[in-house]
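Okay, so chain A shows up in both of these, paired with chain B first and chain C after.
What follows is the complex of A and B.
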């Protein structure tokens, strides 16, 4: 996938949270070979140095980092967090999350558009976490975003692609915009479907971190990305309501007595 | 002077943010700072005066999805 003029080495973007240990995270990155990893910022007590150790681990992956604004509920929180992330992680990429509803962690799309506008003006490369709403997509593009990240399903739910019609419509309406399915993907088959629908990349975390064998699942997702991308370029057939015989009927033998 | 650091009350002698970070034990660690909800870049910490009751946020890299 190409985003803001930069080619990612893989369309798999992998979250770094929820792993049982740093070693399992490192194994998952090694076998998943993601094109980017997501990271965050949190308060740290002096002397604990947990954040420093984590940063050293992530730097060792030699993979671009995409900081997020997870947990932000207002424009101001998201903008300030993005500014702090840019300094700490030394990147102008930001996965912009502004949460508006706690149960579904659904984006507050009104605040999202405003925060995206401010951050784009400040030179950020904004990856907005959004619903699959066409109007929101239009506003985000007008606010300067060059990538969109519609959800498949609520964060951590593993439900896959909840609204196939909506996602298909979004893809069809903005065919040239790079789009990442962010959140809700639970299985590699969901990832394959995302690519078959024409999406350019996926962002996953819980699906790998909470699998029984995270590193193996990371590899499964890497392979699913390959399968999905190949299928996407091969232009899948359209669905039909009625059966159509695949074996030619011409020349069929007649055994009528 | 009394300030709030990540929502905890702290007594510090420093008057400027850069000195306060050292006094609070953050020294050379990779952190980002905000005072009263406004980001203060590393380059501006030396000139950033802290007022009594200031709310200082000190954030570090963390796992994220």
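What follows is the complex of A and C.
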């Protein structure tokens, strides 16, 4: 996938939270070969030095880092966290997350658009975590975003693509905008579906980190990305309401059912 | 000091240092223990849960952690009379039942209990949970009492303890560094994982064993102590920031407590603290050797569980060498 003029080596973006150890995270990165890794600053935000050891480890993967504003609930928090991330990781990429509802960790789309506008003006390359709402998409693009990250389902729920109709509509309305399915993907089959629908990348974390064998699951997702992308380029058949025999019916006694 | 065994300086009187000191002294070494802080257990050990739970830990720890901690409970029971062997209980709030399934898939040596069996074990939890996992073979101990017992034991064995000191003076056959996160300068692999805990006093609730409350993000446990006190821990944050407990952490810990039993709403908060767990990249404690200098570090969440096994490794190195 290409975002803000940069080609990612893989459409798999992998979160770095929730692993049982940094060693297991490192194995997962090795086998998943993600095009980018995301990392959260908020929980370690007591001081720029505090999370140093872990951030150093993430930088050591030699994979582009997409810092995120996970855990932020207001425009101000998100903007401050983004600025801090730019300093820590020396990147102007930011996955913008502004949470509006605690139970579903649903994005506050109003604050999201506002924060995106501010950050775009400050020269950030914003990856906004959003619902699949067309109007929100429109506003984010108008605010300067060049990538959209609709959710598949609530963060950590593993429910896959909850609203296929909405995601298809979003994809169809903005065919040129790179889109990443962020959140909710629980299994590689969900990832395959995302690519078949025409999405450009996926972002996962819990699905790998909380698997029994995270590194194996990372590899499974890497393969799923290949499968989905390959299937998409092969122009999958459309669904029909009726059966269509795969052997010729000509010459048989009757066409009647 | 009696005996003619090797002279050993142990730096750091946390759980790793004290267990190592006692283990070596029991095998005839002449042990001196230096602690840079004002009391034994000046670091992370003071804030530990003290759960001796090899089977539960298997949920998130590699197999070797369970393997190396199988004898831990016996070691502690033989050194600290206050060890309680009542097993441990794992529950989840109704909305997080899938977490209980997951926990069960990753662990062994437990039985699944229904609400009646839960009520039998812990009458105060009657009617509160439909399902729990019971790990009967586990135990727990109050870390502060346990460290005190080890100190007494070391003194009886002829060991010396000096507080408020980090200088190495005198000649020793061996030096063992057990300084935890303070060794970070010399151990680039070592990182800090911040943990926060609280102590509450609640005479209205009685528990006989640690209860783990599963949660998708942080596993919270509630451990009964003496005199109606409960320890609630512990957060896990990839940070070596040692500042005081945060509001976020305290609300998460208190929520878990309240979910376990609403009577905790009236509990008195008697302590809230944060500590830094010394951790290697795989979160498994290790013994390192450099000539006659050894180190035991990276205890992570497993200080009480794994110190006996790591101390035995240290003793094997020293006494194999000496023989």
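Simple rule for what comes next: the second predicted complex is superposed on the first by the 241 of 257 C-alpha atoms of A that agree within 3 Å, B and C clash if a C-alpha of one lies under 4 Å from a C-alpha of the other, contacts with A are read in each partner's own complex, and residues count from 1 in each chain.
Here is the rule we use: a residue touches a chain if its C-beta (ideal position, glycine included) is under 8 Å from a C-beta of that chain, and two chains touch if they have at least 3 such contacts.
All values reported here derive from a predicted model rather than from experimental measurement.
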Under the stated touch criterion, which partner chain does A:67 make contact with: chain B (first), chain C (second), both, or neither?
first
In the superposed arrangement, which partner chain does A:141 touch: chain B (first), chain C (second), both, or neither?
neither
Output check: A:212 vs chain B and chain C. Expected answer is one of first, second, both, neither. What do you get?
second
Touching A:18 in the superposition: chain B (first), chain C (second), both, neither?
both
Under the stated touch criterion, which partner chain does A:84 make contact with: chain B (first), chain C (second), both, or neither?
first
Of chain C and chain B, partner touching more chain A residues:
B
Just checking: does A:54 make contact with chain B only, chain C only, both, or neither of them? Give me first, second, both or neither.
both
Touched partner set for A:26, first chain B, second chain C, both or neither
second
Shared contact residues on chain A, chain B side and chain C side combined as an intersection?
18, 43-44, 46-47, 49-52, 54, 156, 206
Residues on chain A engaged by chain B in the complex (per definition of touch):
15-19, 25, 38-47, 49-52, 54-55, 58, 67-68, 70, 76, 80-81, 83-85, 87-89, 155-156, 205-206
Inside the complex, what are the residues of chain C that reach chain A?
60-62, 102, 105-106, 191-192, 216-217, 237-241, 243, 281-284
Of chain B, residues touching chain A in the complex:
6-7, 24-26, 29-34, 37-39, 41-42, 57-65
Chain C partner contacts - residues on chain A that touch it in the complex
18, 20-24, 26, 43-44, 46-47, 49-54, 57, 156, 206, 210, 212
